[in-house]
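This structure is in structure tokens; I'll ask about it shortly.
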Amino acid sequence: MQMMDQEAVAKSLPRRIAINKIVRGLFLGSTLFGLVVLAVLLYDVISDSWGWLNWNFLTSVVSFDAAEAGVIGAITGTFWLMMITGPLTMIIGVATAVFIEEYVKEGRVRTFFETNISNLAGVPSIVFGLLGLTVFVRILGLGSVVLAGALTMSLLVLPIVIVSAQEALRAVPSYLREASYGMGATRWQMIRSVVLPAALPSILTGMILSMSRAIGETAPLIALGIPALLIPLPSSMFDSFTVLPVQIYYWTIDAALNDDLAALAAATIIVLLVMMFILNATAILVRNKFQKRL
Amino acid sequence: MTELSMKKNVSIQEQPEEERESVFEAQGVNLWYGQTQALHNIHLKQREQEVTAVIGPSGCGKSTYLKTLNRMVEMNPEVRISGNISYRGRNIFSRRFPVEELRTRVGMVFQKPNPFPKSVFENVAYGPKIHGIRDKQLLEQIVEESLKGAAIWEEVKDRLHENAFGLSGGQQQRLCIARCLAVEPDVILMDEPTSALDPKSTMKVEELVRELKETYSIMIVTHNMQQAARISDRTAFFLNGEVVECDTTDRIFSNPSDDRTEDYITGRFG
Amino acid sequence: MASSTNVSNLIAEQRSKSKRRKLEKLVPFILAGAASISVLTTAGILLTLMVETVMFFSEVSFREFFTSTDMQPLNRSDPSFSILPLLSATLLSTVIAMFVAVPVGLTTAVYLSEYATDKARRVLKPIVEVLAGIPTIVYGFFAFTFVTPVLREIIPMLDRTNILSPGIVMGIMIIPMVASLSEDALSSVPNSMREGAMAFGATKFEAVVRVVIPAAISGIIASFVLGISRAIGETMIVTIASGSNKNLTFDITQSMQTMTAYIVEVTSGDAGAGTTAYYSLYAVAITLFFFTLAMNMLAKWISKRFREVY
């Protein structure tokens, strides 16, 4: 008795092959969907900002007169924020990663730390904004200044920095650790003289990428009460400030009133994207330059 | 300022073999990885200015034993050890004998050359530096002496500040030996130091081992029986985590007292 | 032969100095101090949210907050507080986003993992991931100034601010997350399983649908759940493009306000500290916090619980 109808199988085969081909095309289209959206988005932003992005825009402070307005204040504020957030998260993040990876034995304590960090990474950024508002702005009484923004932002990106530093530490080959221990190095000597230098490029790459994430963050800073229209540039970490994404936000929500404001928002978006692009390119360069050494 | 001396009193060499002082003495050492026992009741002595070769089929515990001597084996959290090992009369497992001190006195050369991703100079200066020697002139002196001691000075003296990864495998291994010498250890443990090297580099390292034994006590794990015969004074044969036999190399290779040793040496298994 | 500068003696001398031993003992405590910051952050979030939420519920009843339908926090004469309108907006925007992110993300993952050549994958994957790197404020701008006007051409009754447009754009933002996590799950299915199916004459598509996807299903579903969590917590896109009407409705053409957008409105507005509107922030935020936490934990549970052992 024949269990399989060979003729039916042969008959259905062309159809099945055709389905496979169609599906393949559909799935490729779906993959390219992202590319299309990206292109449309960039086109939208560039066409909206056409003619607005010039030297005057980059070097002027904000103004009620759209033609006069610029983003130097927001650029300065963004730089201030990074100058504090970067080193702070680097130090705390790497120290935390070293503690978890090198000093805590696998077991409950390590699981506790790691679970906490991964849960923290999933907390919406607006909730961090509320934490910053309550603790830094109100309880510590800092007000909506650079320092309050930088501390809030540091807590927000810390989980990302920790996780990437942990990965960097784990990637240091064990033979280097053995060589160091074999010479009679203590744990901290081994970490400082072998593990950290070897992991540094990856740690730096991770930090730069997390900074690129931080400069685009908007919600937590708005929650802190960063002002919409601020003329004086910050000159210390206890000054009021604004940043590029917050500037974009206030111009965008008012864009319905005045088309020029949409243009300003679009031009500011380009400035922000260019800064992010530079950060990402730097991260890739750092990684490629040092990758060969190990 | 007197010249830095890397050599100890040579006259000990003249003493009859049996009277040489023992450096390491293991008594009834057992070791477990989790539930599996890897070493069974090991009794072994390592003497001054002698090369002891440890041979045996792979998985017999020879590397494990070597790493027990400088307590590197304990980096695996699963490891449990019982029994006693003394180094120059001091219990190596004692709380009063810091493991860092033990490892400074007992150097180790690994199977795969493992220089740090630093310059040749920094590799050799690593040990002295972590142990608190900062004097630049002294460091330079130590680096030179150590590189000479490891018979690699002539090859690298013009590239001391280049990355050690640029050296050949054989050079890297001798650099690792130089790194070891820089802290003037008492004993050098070598874990199959030539298994990753080509025959020519292997010969150079073997020659070096013969020179080094004038000054240091050396224990070398090897899977190569010719190598053991060429360079060692004494040979210990390990099988399934036990020491089957330990005697002078001559006797082990010419007239072993245990059949299993003979079987292994004549290539009947392993 | 004995020399005064004998290295081993020098080393022994240095060892007896206690300074370095002290540092060695101190370091773990310093590092532990740094590590405690992330723990304190979690504790800080929980504590501030809870304390102020308790204050809120001393003024507004549980029942009003969770069962009434009216949300008018800034109405001076007769404020009312209900989270339901905010929840409905959050729910709707999340559902819309997942309608975009799930099919596109999953098919992208299948294409990249099963169909694409190595070369094509190396080009396509980074492009898809660029979408994840674009700041949400930029997506908000895009939704408000481009997607909404285009949609209004198609659906004339669409409000100028509505939940549909930010929902779609949020979905686009989440595509890379679903795609890359699903792709990880798909590519960890061993080749022998694919070969097993294809050796019986199955086409690639049949092998994917009958063998590969079922084998990777836990990772795929976990990626959806994480996408949901991301959508619930997303703030700027909905704040900009969906306006601030606190309507309890399921009409996607209307302006609605999500929980996250509510927090932005109240913090950037003039609800002074100590008012009920101010405390309501925390009640909303803690609801949001627990929703996303639950989703993240669910995702972890799914991928752990149903992890296939190959």
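When the chains are written out, they are named A, B and C in that same order, and each has its own residue count from 1.
The rule is short, and it goes like this: a contact is a pair of C-beta atoms (placed from the backbone, for glycine too) under 8 Å apart; a residue touches a chain by one contact, two chains touch by 3 or more.
It should be emphasised that the depicted structure is a prediction, and the values quoted were computed from it without experimental measurement.
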- Item | Distance-to-centre winner among chains (Cα means, whole assembly as reference) | A
- Item | Of A-B and B-C, whichever chain pair has more C-beta contact pairs | A-B
- Message: Can you tell me which chain lies farthest from chain A, using the average of the Cα atoms as each chain's centre?
- Response: B
- Message: What's the distance between the Cα centroids of chain A and chain C, rounded to whole Å?
- Response: 14
- Hey, how far is the Cα centre of chain A from the one of chain B, in Å? 49
- Roughly how far is chain B from chain C, going centre to centre by Cα mean, in whole Å? 54
- By the touch definition above, chain B meets two or more other chains at residues 101, 104-105, 131, 183
- Message: Quick check on chain C: which residues sit in contact with 2+ other chains?
- Response: 20
- Provide the list of chain A residues touching at least two other chains, using ranges where the numbers run on. 186
- Query: Inside the complex, what are the residues of chain A that reach chain C?
  - Reply: 9, 16-17, 19-20, 23-24, 26-28, 30-35, 37-38, 40-41, 44-45, 48, 91-92, 95-96, 98-100, 103, 113, 116-120, 122-131, 133-135, 138, 155, 158-159, 162, 186-188, 212-213, 215-219, 222-225, 245, 248-249, 252-253, 255-256, 262, 265-266, 269, 272-273, 276, 280
- Message: Give the list of chain B residues in touch with chain C in this complex.
- Response: 1-5, 7-9, 101, 104-105, 128, 131-133, 138, 142, 182-186
- In their shared complex, chain B is touched by residues of chain C numbered 1-8, 10-11, 14-15, 17, 20
- Item | Interface residues, chain B side, partner chain A - complex | 70, 72, 75, 77, 100-105, 107-108, 110, 112, 114-118, 126-127, 129-131, 163, 165, 176, 179-180, 183
- Would you pull the chain A residues touching chain B in the complex into a rising list? 105-106, 175-176, 178-186, 189, 193-194, 197-198, 293-294
